[in-house]
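Chain lettering (A, B, C and D) follows the sequence in which the chains are written, and residue indices restart at 1 in each chain.
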Amino acid sequence: MTETEQKKMEALREYMHAVKDQPHSESNLIGVLHKVQQIYGYLPREVMDEAAEILEIPTAHIWGVATFYHYFNLEPIGKHVVSVCMGTACYVKGAQGVLDALKKELGVDIGGTTADKLFTLQEARCLGACGIAPVIMVDDKIYGELDTKKTIDIINRYRKADAAETEA
Amino acid sequence: MVSPIDMIKKKRAEAVSRIVSKGYLSTKRVYVGMATCEIAAGSKEVMAVFKDAMAKGLTDVYLSQKGCAGRCNLEPTVEVVEEGKIPVKYGKVTPERAREIVDRHLKKGEVIREWTI
Amino acid sequence: MTRKTYKVTLCDGPTCIRNQSREIRQALEQALEKHSLSQRTEIHLSGCLGMCSKGPILIVNPGYVIYGQVTPEDMGEIVESHLAGGQPVARLIVKEDHLYNRFFRIFGDVDFFGKQMRITLRNCGIIDPENIDDYLSVRGYEALAKALTEMTPEQVISEVKKSGLRGRGGAGFPTGLKWDFTAKQPGDEKYVICNADEGDPGAFMDRSAIEGDPHTVLEGMIIGGYAVGARKGILYIRAEYPLAIQRLEIAIEAARSHGLLGERILGSDFSFDLEIRLGAGAFVCGEETALIHSIEGSRGMPRPRPPYPSVSGLFGKPTLINNVETWANIPVVVLDGGAWFSTIGTETSKGTKVFALAGKVQNTGLVEVPMGTTLREIVYDIGGGIPGGKKFKAVQTGGPSGGCLPEEYLDTQIDYESLAKAGSIMGSGGMIVIDEDTCMVNIAKFFIEFTQSESCGKCTPCREGTKRMLEILTRITQGQGKPGDIEKLERLGEMIQKASLCGLGQSAPNPILSTIKNFREEYEEHIHQKKCRAGECRALLKYTILDNCVGCGACKRACPVGAIDGTRKEKHVINQDLCIQCGQCFEVCKFNAVSKA
Amino acid sequence: MSKTITITINHKEYQVEPNQTIMQAADKLGFHIPRLCYHPKLSIEGACRVCIVEVEGMRTYVASCAYPVSDGMKIHTNTQALRKARRDIIELILDNHPQDCHTCERDGNCELQRLAASMGIRARHFEGQRKRYEKDLSSDAVIRDPEKCILCGRCVRMCSEIQQVHNLTQAHRGFHTVVMPAYDMPMGESVCTTCGQCINVCPTAAFVEKNYTQELFEKLNDPDLVKVVQFAPSVRAAIGEAFGLEAGLNMEGPLVAALRKLGFDYVFDTQFSADLTIMEEASEFLERVQSGGTLPMITSCSSAWMKCLEQFYPDLIDNVSTCKSPMSMHGAITKTYFAQKKKLDPKKILSVAVMCCTAKKYEAARPELLVDGMRGVDLVVTTREAAWMIKSAGIDLVNIEPEEPDHPLGLSSGAGAIFGTTGGVMEAAIRTAYELYTGETLVDIEVASVRGLKGIKEGTLMMDGKEIRVAVAHGLGNAFGLLDLVRRDPEKYHFIEIMGCPGGCVGGGGQPYAQINAIPLDDEVLQKRAQALYDLDKAKTIRRSHDNPDIQKLYKEFLQSPLSPVSHKYLHTHYQAKRPVGIIPKKERKQSGAAQ
């Protein structure tokens, strides 16, 4: 765990202790899981265990919640998250092709992380950029009006940037 | 006792005065669309151009953000409002276009017809 | 009080001139002189503002206060009260000001905005959503103040009832009635909830409304809390909307610091506070009982009703749930009255409706139209028709819960009943235009794929039934449809509609059943002739090499299954038994010698 | 009496009570609406949609288990359209279910199978992809087979609402929903207490006990082994149901005879060691009272409760009696005293227990319970397994000539018999403790305050002017409620009986499945089983454990006296705090729990 992670985790612990005595404290579970994911990018089991203890919520219940909501990652994710918008506007304008191209290029299925841990491929519902459909979002940057080639170019740009970073 | 209505009226008057004090009465008011869709289309970069221009001495402009008016396919949008004149709405504004809007419209008063919606 | 400086715009259009606008200007100047405001006020003349029926028009900025049918005699009062005293003259304000506000910003864009009417989105794209001053300046929180000053909770509810407002989340339940039920429940622990878990693929009305004007939603909820006797409100919003969340946070903070949230709001006895709770990617949480479970920190699975949330909702307490658009209408209803609101729209559906217009249409975007507008007006007048000279095929409303309406329904009016009668639903506001390039079987498959993956898994019909429907549709689009498949889809669809636990399941078959009803021949072509007229179903395509093949061999090299044969410089042939319709040959041919049909 | 309302079912008018569901009203009127996820003791799920009915004026069908009746309501329970819809629903469930009825453990006992038959399903229309999951064989007691699961959610509700163990949850969603412990941990490593109540309420074979019948048949044929069996009190009160007999028949004699016919050399009775347990436990209690030991003392007979204690209430370990359960005492005595008496090599003894319980399979494997390095009980089979073995061996339990258990470990008092029902251990202990303490005979030996199915029962007893406060809880959820009281106020009680299963052992996780149209764990059935044991007690001349001559002989010949060093070596055990994956050590368990 990095130092920042530790600090954030400490803050999260404080938050959990603070909400635990409020009425309906168990209702804060989803908020807590959001915070955990913000820190680690996914929900590590030890942290869910800790949440169970502090908030006094059965671990099985937390697991049920964590697996129900697609927003939560149960495994570590890649350095970049590539989300393909599969909203209707994007779909009608060819999002499936973009998704297929990405699957092929990255060699993973939806939810999968590449072997080099660089990309995780996800499906998004509507990213709200219907005007420039079809779109993908890499981390929090949106790329629009895509076709197969443009999509692969974007991926290659990230690869290059990462390679440069590694060298430096 | 002051009624809620009276309180809200006072708040409104104060709000208006704050808006005015921020230069609302400048000749030109520039509104940049800053909703998710606009930002996805690149409006943050556009906003930066206007901010930069003001930092570099562009005066008499009141810059504000606004939500989405619904013109998704023409985003990012920028509006230039001058009192008494027909407001001008630009669509598909890129940073380059924004710089030209600064130079031609805001500085020289020329409406760039081909980019208006 | 410090005197402000204002800009006054006077309409100088022909009608207004006829109605004494010149005299008005004189009277205005005199009045300004009298209050020594001449130096501090700018007067502008404008061209026709298009509000001739309300002319002469006088507009005061900042604040966008529009006065209509003013006379020279009114000038004294306007100057004294508004320009000197800061308070607009209520009796002269054009009642529909928020409807006409748009004119300030739409010159030159009349095609898109001309047929729209903006109530929900009255401030969207006009004010700075992160600045409460902007909202206050456009009569923000005045409805709340009005309710707290001169209305009892019962009167507020009666006004909402009078307005005829119905839930904008899709089902169209009368809002006033819902409020009434919740208000009549005993107990002082009650909740109001804003459902901002907008999840229809391709719908972004709520996000835009919150991002453009978060305070309107807040104000609506505070009024709702006052009306039903709740002290606490919760905004349940998708985690996927970070900007909307951020703006809500800013808005809540600002409202608190202005005494508009918290203890003793605006000095009254009414206390109320708001909290944001995040969704986490589950479409079913738009269903109210699932949403409640999610707020409670559980799996977002619906439960049977009754009891309805108005009786037993969040934490088992009476709970009022409305969606973003519904809440955004409330300040208008309270400020301008239910009677006025009910003049907009049709007999059974009042007010306006926001749609996210997308798909194969020229102007994609967010539109708000009065109920009663026809689909044709939206698609062609506002949307600008189909791009690329393509032919219109259908319009899909209501997202995964709705249906596809073909050309003959284009003159259907937008209201809850008419859309339902036509075989679709109002829904939350997704509107997708479909042209001839889109396969109706495939679009049905797209929607059921969505609902199937969003099914919570609780009830059998939805969990198992949608899976089987998807399998059948997948088969059909892959050329493996069998006689009887359509009937199976109908049989499953009708059962799922009637037997599912919640609205998600009950409406999941709609896209399939409506496309079967309206485009049955496309299904039959897929099944019997193995043909997809839109050319979308790849497996049904047939690739052939035309006579202009030069025999370069590019397709042969590209074919992953070795289905192409031919000697160099001679026409090549595709072995249809081996072809997997991957389309590689079509892609690589530089001579357009591969045809797909 | 509230005013009645008028409803119409299938065109006929009826007067019914208000404030009930359509299903409840229909049940009373003789309309049995088909159902699957509904269970009267659990919260309303409304998930399976099998119990849908048509209510005039409603756009959709409604789930009769959840929808309340109202005046003037017109209900249809059996229209053609409804029948078709229900049939399609069951078909959809079958389409995602293994088609292996013939080789399934619950063949003939399966609610889904019965429903399919009653719907008249004759063809399959919607077959497609079926879920595929591995069986979880990790637990010594409970097997989880997610492929057979139809997601009715009864097990999850049982585990969280009644037992409040919260081991099971529905994970993932939609078509991919699976019932599992936290993190999909193997059952054997989870917080599962092995109580087996999930098995009791499961309509299919998604949860079953780990089956040892084949192994047992094999060993019964091993000529080198001396085959010894004991059977628990409540087995005799329930096994008849597995043979189509009505609930509450005491099948002790036929069962003894059947076990002999199966090939056991000695058929003993766990009621004997129940008496032995009382000797030790009552003595331990008195010692604690007299010497200022940790009080309240809590019983230790229930194996599921033992696991709970170690996981959830480690702070109360000192309060729990060190006595082994009757089954384990029996095993220990079998491999020592009995072996010596019969001059047998204890390693050649096959010690088998027929139990109403799945947790006893877990208990028998606990290393703390080894007897001179051997397992006291080598194999545990449930009532269900025993019933199947008897049937499979062609033995006619119903018409068989009854027989008596063997000596020296088969004779029991009435106190031993009532061990099988909630409150029974307490009652038996009072009978002995009172006399050991006061030296007087307890006249009224039937302790009404600890009988019955109330969740937590309390009673007081005067012993030589000293007030002894006792409490009894059955079902782990009730137990947690009681133990939380103890945590807050340790002085409140002196002696507490805890049974892990609802109703005590008569409601054990290994008891026969509910018969056609019966409800698993139906209170009426539990009461009948308990009554059989009380009747057995009443019919006995010896009704106090310390009056059992074979027990007296055992002490004389082998154990010397209660709590003697020999007793301690063979009849007592110890516990230690455990922390399996997914556990939450709670200060105060949430009452409502999260039922989802």
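The rule is short, and it goes like this: a residue touches a chain if its C-beta (ideal position, glycine included) is under 8 Å from a C-beta of that chain, and two chains touch if they have at least 3 such contacts.
Nothing here was measured: the structure is a model prediction, and the numbers come from that model.
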item	value
Chain whose Cα centroid lies nearest the overall Cα centroid	A
Which two chains share the largest set of C-beta contact pairs	B-C
CA centroid of chain B to CA centroid of chain D, Å	73
Inter-centroid spacing, chain D versus chain C (mean Cα positions, whole Å)	55
CA centroid of chain A to CA centroid of chain C, Å	27
Gap in Å, rounded to a whole number, between the CA centres of chain D and chain A	44
Contacts with two or more other chains, residues of chain C listed in rising order	204, 207-208, 241, 282, 297-299, 301, 358, 364-365, 456
Two or more partner chains touched - positions in chain D	170, 172-173, 594, 596
For chain A, residues contacting two or more additional chains	26, 57, 61, 64, 68, 127-128, 130-131
Which pairs of chains touch, using the document's own definition	A-B, A-C, A-D, B-C, C-D
Partner chain D, residues of chain C touching it in the complex	282, 293, 297-299, 301, 303-304, 306, 452-461, 463-465, 467-468, 471, 488, 491-492, 495, 497-501, 506
In the complex, chain B residues that touch chain C	1-5, 7-9, 11-13, 15-20, 24-25, 33, 35-37, 39, 64-74, 77, 79, 81, 83-84, 86-89, 116-117
In the complex, chain C residues that touch chain A	199-204, 207-208, 239-242, 277-283, 294-301, 315, 356, 358-360, 364-365, 396, 399, 430, 432, 434, 438, 443, 446, 450, 456
Contacting residues of chain B [partner chain A, same complex]	36-37, 39-41, 72-75
Chain C-facing residues of chain D, complex	44-50, 52, 60-63, 66-68, 84-85, 88-89, 92-93, 95-96, 125-126, 128-129, 150-151, 153, 170, 172-177, 594, 596
